[in-house]
Amino acid sequence: MMNDATPRLAQKKQHIIRREEGMQVSSWHAFTGTLKRDLLLVFRRRSDVVNPLLFFSIAVTLFPLGISPEPDFLAQIAAGVLWVSALLATLLSLDSLFQQDMADGSLEQLVISPHPLAVMVLAKVLVHWLVTGLPLTLLAPMLAVMMFLPEEGYSTLFLTLLLGTPTLSLVGAIGAALTVGLRRTGVLMTLLILPLYIPVLIFGTGAVVSAVNGMAVAGHLAIMGAMLMTALVMAPLAAGAALRISLNG
Amino acid sequence: MYFDSFSEFLNMGGHGLYVWMAYGLSAVLLIINVVQPVMHKRQLIKEQMRKLRREQKTS
Amino acid sequence: MWKTFVAWFHRMGSPKWFYEISGRWIPWFAAAAVLLIAVGTVWGLAFAPADYQQGNSFRIIYIHVPAAILAQSIFFLMAIAGGIGLIWKMKVADMVAKSCAPFGATMTFIALFTGAIWGKPTWGAWWVWDARLTSMLILLFLYFGVIALQSAFDSKQSAARASAILSLVGIVNIPIIKYSVEWWNTLHQPATFKLTEKPAMPAEMWMPLLVMVVGFYCLFAVILMLRTRNEILEREKRTHWVQGLLSKES
Amino acid sequence: MQELLSGQNLACERDDRLLFSKLDFKLHCGEVLQIAGPNGSGKTSLLRILAGLLPDFDGTLFFQGKPVQSDSDHFRENLLFIGHQPGIKLNLTPEENLRWYQSLYHPADTDQIYQALAQVKLTGFEDVPCYTLSAGQHRRVALARLFLHAAPLWILDEPFTAIDQGGVKEIEQLIADHAQQGGSVILTTHHNLSLPVELNVIQLGQSHQSETEQA
C-alpha cells in the first residue's frame, strides 16, 4: 500500500497544519466541482429531465379538456394556467433535490467541507434550474400556442418565466432542505412552499395579462427581478441552515 | 344601552344570526384553547406519577 | 440598564425560572383577560352605537379585528422566539415558539370565519376575494405549514429549529405576500367596499375595540404560558426540580 | 507531541436519553483513538460531534488548543471524515467521484486519482460506473480519498465495513503509517485492531448505563 506518493503527502500535511504558502482551499473550485458533478449526474439520468416537462405539458392539456376548448376563453386563462402548471412542475421536481445526497452520505461531506454551505446549495439549485426551470421556460411558448395566448403576451411570458422560475427553485430549496430528513416528504413540502410561491404567481400572470391588454410590464418585471435577488441572497442561507438541522435527524 | 329591549338586542336589527354566530363560534374556539392546555397538564402529571410509582415498585 | 437586561435575558433561558415566574403571572393575566374581554364584549354588543351603513352586523368588528391583529403579531412573536432559540440555543425560546402556533392558527381562523360571516350581510356573499381576507387565508396556510413541520420531526430539538427557520422565512415573505395580494386585488376588483377601513370612527365605537384588543393579548399571554409550562414539564421531566414539583402536586 | 484535538466535559443527550457525559479526551499528533462500546452507546453520535456534524452537545472541542468554533474552516480543512455511508454516487465512475471530493479540498489531476485508486486495488475500474461495483469496492473508493487529501486528522466511522481480510490489513497499515508521519486517526470499529502504534480507547456505554438506571 505504501509507495513514493506518501512521503510527498506527508510533507503536504505539515503545510496545511501551519497554513502556509496559500494552501487554502478555494470555494470557487468547490462550487464549479459540485456544479459539474450534478450536471454529470443529470446527464447520466436524462429521463429525469424529461419528467417535469411531461408533467407541465399534461397539466396544461387538462385545462381545455376539463373546462372548455373555446379559444376566446382559453386565451383569457392561458397565462394563469401556464404559470400554475410551471409552478407545480418545479415543485414536484424539487422534492428530490437533496434526497439522493442524503441517502448516499455525500450531503454530510458537503456540510463538513471547508466552504460556506450556502455556496454549495447555490450550485445545486443552479443545476436544478438549468435542468427544469430553463427547459420549462423554453417549452412554455409552444404550449401557449395551444392555449391561444394572444401574440402580445409571448415575450412577456418568456421573460417572466425566465425571472420567476429561478426564484421558485431557490425558495423551493428551503422546503426541500427542511424535509429531506423526514420519512414522507412530498405533500408536506408542498404545504410548506406553496404559500411562499404566491407572490411569484401573482406577478408572473399579472405581467402577461398586462402585456396582452397592451399595458406596460416593466414594473412587474422589476418586481420579479427584485424578488429573484432577495431569494438569491437569502434562500441559500436558509436552505443551508435547514440542511444542517435535517442531518441532525 | 343602545337597544330598547332584550329581543331587539337578540335580533340585532335583522343581523342577529350573523353577529351571534360570529361571537358564539369565537367563544367556543377560545374556550377550547384555554381548556386544552389545562387538560394536557393534568394528563402529563398523571402519566409522570404513574411512571414514578412504577419505578418505585421495581427498585 | 443593559446589564440588567442581559441578566434578565439569561434567567429567561432557565426553564425552572420561567416555570416559577409564569405560575405567579398566570392568575393576574387570566383575571385581566376575563375582565377586559367581558367588558369589551358587553360594551361592543350592547352599548356601542350601530354603524350608519352596516347596522348591527358591524358589531362583529369587536372579534374580527382583535383576532386579525393577534394572528399577525403571534406569527411575528413565533418567528422572533424561534430565531432566539436558533441563535442562542435557548430552550425556553424554542418552547415559546412552539406554543405560539396553535393559538395563532386559531386567531387566524377566527379572523377568517368572522370575516366571512360579516361578509354575508355586507357583500351578500360568504366569501369575497378581498385583499385582507386573502392574505389572512395565506397566513393560515403558513401557520399550518409550521404546525405540520413541527409534528413531522421525531427529535424535539430538530422540530423546533426547522420550524424556526420556516417561520423566519415566512416573516420575510409576509410583507411581500401582502403587497402582492393587495396589488392583485386592485387589479381584479377596483374600489371594493373595505371591511375595516372606516372614516373616523367615533370614540364610543373604538374604545370597546381597544379594550378587546388588550383583552385578547392578555388571553394570549395566559395560553402561551400554560402551553409553555406544559412543554417545560414534558421536556424537563428528568430533572430533579420537576420531579420534586410533581411529588408536591400529588 | 503536539496536541491536535481535545474535548472537555463533553455530554450528549439524544431523544431524552443521555448517551454520555463528562467525557474528556486528548488526541496528540501521531495517535490513534478508537471509540468502542456496544450498539446504541453513542459511538456514531460522538464521531459526528467530533466531525462537526452534530451541534447538539455540551462541552467544548479544541483543535490545536483553540476552540473549534473560533476557526471552523481551518478545522474542516484539516479533517477527513468518512461516514457510515461511503458517499459514492452510483451513476458516476470512481474517478468522477474522487474528482468531486478533491474539488472540495485540493483539486487533483487524473494521474493522482489513478494512483490513489491503484493504492486501494481498483486499477481497471477507474472509469466504470460505480453501480457495477460491490459494496466493498464502494468503500474502497471512499478510502482512496485518504491518499489524495493530505489532512492530518482522519475520522473514520466503521472503515472496515464490507472490506475483505486482505483489505483490512492494508487499511490498518495505512492508519499506522499516517500516525507515524504525525497524523491522527479517530475511528469506530467492531474489528480487533492490530496496529504497531499505541491505540487509545474511549469506552462508551458502561459507566452511564448504571446512571440511567438510577435516574
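When the chains are written out, they are named A, B, C and D in that same order, and each has its own residue count from 1.
One rule holds for everything that comes next: contacts are C-beta pairs under 8 Å (C-beta built on N, C-alpha and C of every residue); 3 or more make two chains touch, one makes a residue touch a chain.
Given the structure is predicted, the values throughout are model-derived calculations rather than measurements.
Relative to the centroid of every protein C-alpha atom shown, the closest chain centre, again from C-alpha atoms, is found for A. Greatest Cα centroid separation from subunit B: this falls to D.
Comparing chain pairs C-D and A-D, the larger number of C-beta contacts belongs to A-D. Chain geometry summary: the mean Cα position of subunit C and that of subunit D are 47 Å apart. In terms of their C-alpha centroids, the spacing between subunit A and subunit C amounts to 33 Å. Note on chain placement: the centre of subunit A and the centre of subunit B lie 45 Å apart, centres being C-alpha means.
Looking at subunit B, no residue sits in touch with two or more other chains. Each of the following residues of subunit C touches two or more other chains: 154-155, 157. Residue positions of subunit D touching 2 or more other chains, listed in rising order: 56.
Checking each pair of chains for touch leaves A-C, A-D, B-C, C-D.
Across the interface of their complex, subunit D is touched by residues 154-155, 157, 238 of subunit C. The residues of subunit C lying in touch with subunit B in their complex are 41, 45-50, 55-57, 59-60, 63-64, 67, 102-103, 106, 109-110, 113-114, 117-118, 120-121, 219, 222-223, 226-227, 229-230, 233-234, 237, 243, 246-247, 249-250. Every residue of subunit D that touches subunit C in the complex is listed here, in rising order: 14-16, 56, 215.
Against subunit C, the residues of subunit A that register as touching in their complex are 174, 178-179, 181-182, 188, 191-192, 194-196, 198-199, 202-203, 206, 209, 227, 230, 234, 238, 241-242, 245-246, 248-249.
Across the interface of their complex, subunit C is touched by residues 1-3, 9, 12-16, 18-19, 21-23, 25-26, 29-30, 32-34, 37-38, 40-41, 44-45, 48-49, 52 of subunit B.
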